[in-house]
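Following this message is one structure expressed as structure tokens.
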Amino acid sequence: MPFELPTFYQILDFIGTLAFAISGTRLAAAKHFDLFGAYVVGVTTAIGGGTMRDVLLGTQPFWMTNPFYLVCSGIALLWVVVFRKHLVRQDNTWFLFDTIGLALFTVVGFEKTLAFGLPMWCAVIMGAMTGAAGGILRDVLINEVPLIFRKEIYALACVLGGVVFALCHKLGLDHNTTAVVAGASVITMRLLAVKYHLSLPKLKVEGSKEE
Amino acid sequence: MPFELPTFYQILDFIGTLAFAISGTRLAAAKHFDLFGAYVVGVTTAIGGGTMRDVLLGTQPFWMTNPFYLVCSGIALLWVVVFRKHLVRQDNTWFLFDTIGLALFTVVGFEKTLAFGLPMWCAVIMGAMTGAAGGILRDVLINEVPLIFRKEIYALACVLGGVVFALCHKLGLDHNTTAVVAGASVITMRLLAVKYHLSLPKLKVEGSKEE
Amino acid sequence: MPFELPTFYQILDFIGTLAFAISGTRLAAAKHFDLFGAYVVGVTTAIGGGTMRDVLLGTQPFWMTNPFYLVCSGIALLWVVVFRKHLVRQDNTWFLFDTIGLALFTVVGFEKTLAFGLPMWCAVIMGAMTGAAGGILRDVLINEVPLIFRKEIYALACVLGGVVFALCHKLGLDHNTTAVVAGASVITMRLLAVKYHLSLPKLKVEGSKEE
């Protein structure tokens, strides 16, 4: 993890965690979850992707010795309670923060996977998982079809970020530049996707026997 | 794990596992699962929380070298088959056994997490996960919104039990007393919650862009 | 893993992975997932069971150092896109390939669990999980009640295969014969189940308080 810029990194981490937790908390509230349930869904959205990554890497989940992420999710719950009538007006801000979180978590997941000696293509997958799997777990918990598989390009932006990271790495760019360029490419792709409603085509398949 | 009272501990463990498995088996049956599916949902309800805890702790899941829990779940399936017309009349008993299981699993999860050198707040979370996550996995498998996020206080009783455990520990109470007091507080809170229909407030949030 | 017949083993592995991924991709397409979502569901169906097994065994998931499985799932996606109007006509082929995969993955899961020094009964469970859990994860992701708990005998065929493996092992049959006999018994049971519409009885339970 990038200790060279602790403060800036921590601010981004806070912003991203908050945005992810708020997205989970809001959707849980919309499904009539109680406060505790909304908190659990918020936490799961925020730390689910990284937890899945750490379990697959065989290492201790990052949040188990650092209460930061659970406190963040608590702040997110409080925020939703206090500003529940104004959240729609804050949508653009939270979308931006969510995008920052997506980029950060992708880059962190990518780096951590490489640090475990795994190949580049695996780091691309694990980066995308770190960024996007929390939202999938959120949707499983609230019993909805995962949103990210149907709306504007989301997880693919993480994959792109991972590919950009791998390319910069091959080109011999220094670590900080690589991380910033990769993160910026996630953010750019996500912003473009939402601005121009870019989605991947849907598959149209005839009759599936198994259904 | 408390070896000082093996028999009593094992009886409670049996009762709790049975009650958890029966809850899963019944709900699966209500969704028209076949016998095998009902068994899988029963097992998942019984061992899911502890398995999740052990995976996060990076240790071998507790049931992999001890067939006790799978046999218990088999007995639960048999029980549901045999008494399928009388289960409603047994509801109070199974509710009580379920509550005993909730308390036991919470305390066991709390202790095991501490034994891995993790902080108190993490043990509180892992205790609640041990007690309540099986029920969440059950509801994911039967494709329902997790019940515990909407009904009377459930997982919060586990959190309370964890906090009581931590307090007793700080006060220097001996291990057995601490475990009993923490377990009793889970049971008390759950019984009060059901008797007086205590639920946490639900969040009311206006329009969520992401839905 | 059987290195004595690498080519034949790899062919079966390819066929099975392809069939599993295609089943996931098709069902995702039927639920209007985009191309990326369909790929993720395909991958999850193909590698989900083995990943769950490896996480429980505390070892690195098998696909993390071998891109074979992700490439296979990509081929599956391509196949579904190209042949989307002809998939129904290919149903019998894919059913057969799926059954081969089920048998192979069950046997591999059984052997790997034994190699970790775990008991026979645990290997039976882990073999069935390797074969059948990918399909459960698939159905959780597409927000449907898991099919394998309601249709013709599926996971039980894996359990039978595991029991046959254990019996052959006790009888002192050599390793290759044992693996082939166990795999054949999975395939036979599954073919018979589908041909004669063999299902397990469903549980009929009266009123469940928890619903």
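Lettered A, B and C in written order, each chain numbered from 1.
By definition in this document, a contact is a pair of C-beta atoms (placed from the backbone, for glycine too) under 8 Å apart; a residue touches a chain by one contact, two chains touch by 3 or more.
Everything quoted here is computed from the prediction, not taken from an experiment.
Residues touching across the chain B and chain C pair largely diverge in numbering: under half of the numbers involved belong to both copies. Superposing chain A on chain B by their CA atoms means rotating through 120 degrees, a value rounded to the nearest 5. Separating the centre of chain B from that of chain C, both taken as means of CA atoms, is a distance of 29 Å. The set of chain B residues touching two or more other chains comprises 55, 58, 140, 143. Residues of chain B that touch chain A in their complex: 55-56, 58, 118-119, 121-122, 125, 136, 140, 143-146, 148-150, 153, 155-156, 199-211. Partner chain B is touched in their complex by these residues of chain A: 23, 25-38, 40-41, 51, 55, 58-61, 64-65, 67, 70, 80-81, 84-85, 87-88, 91, 95, 140-143, 147.
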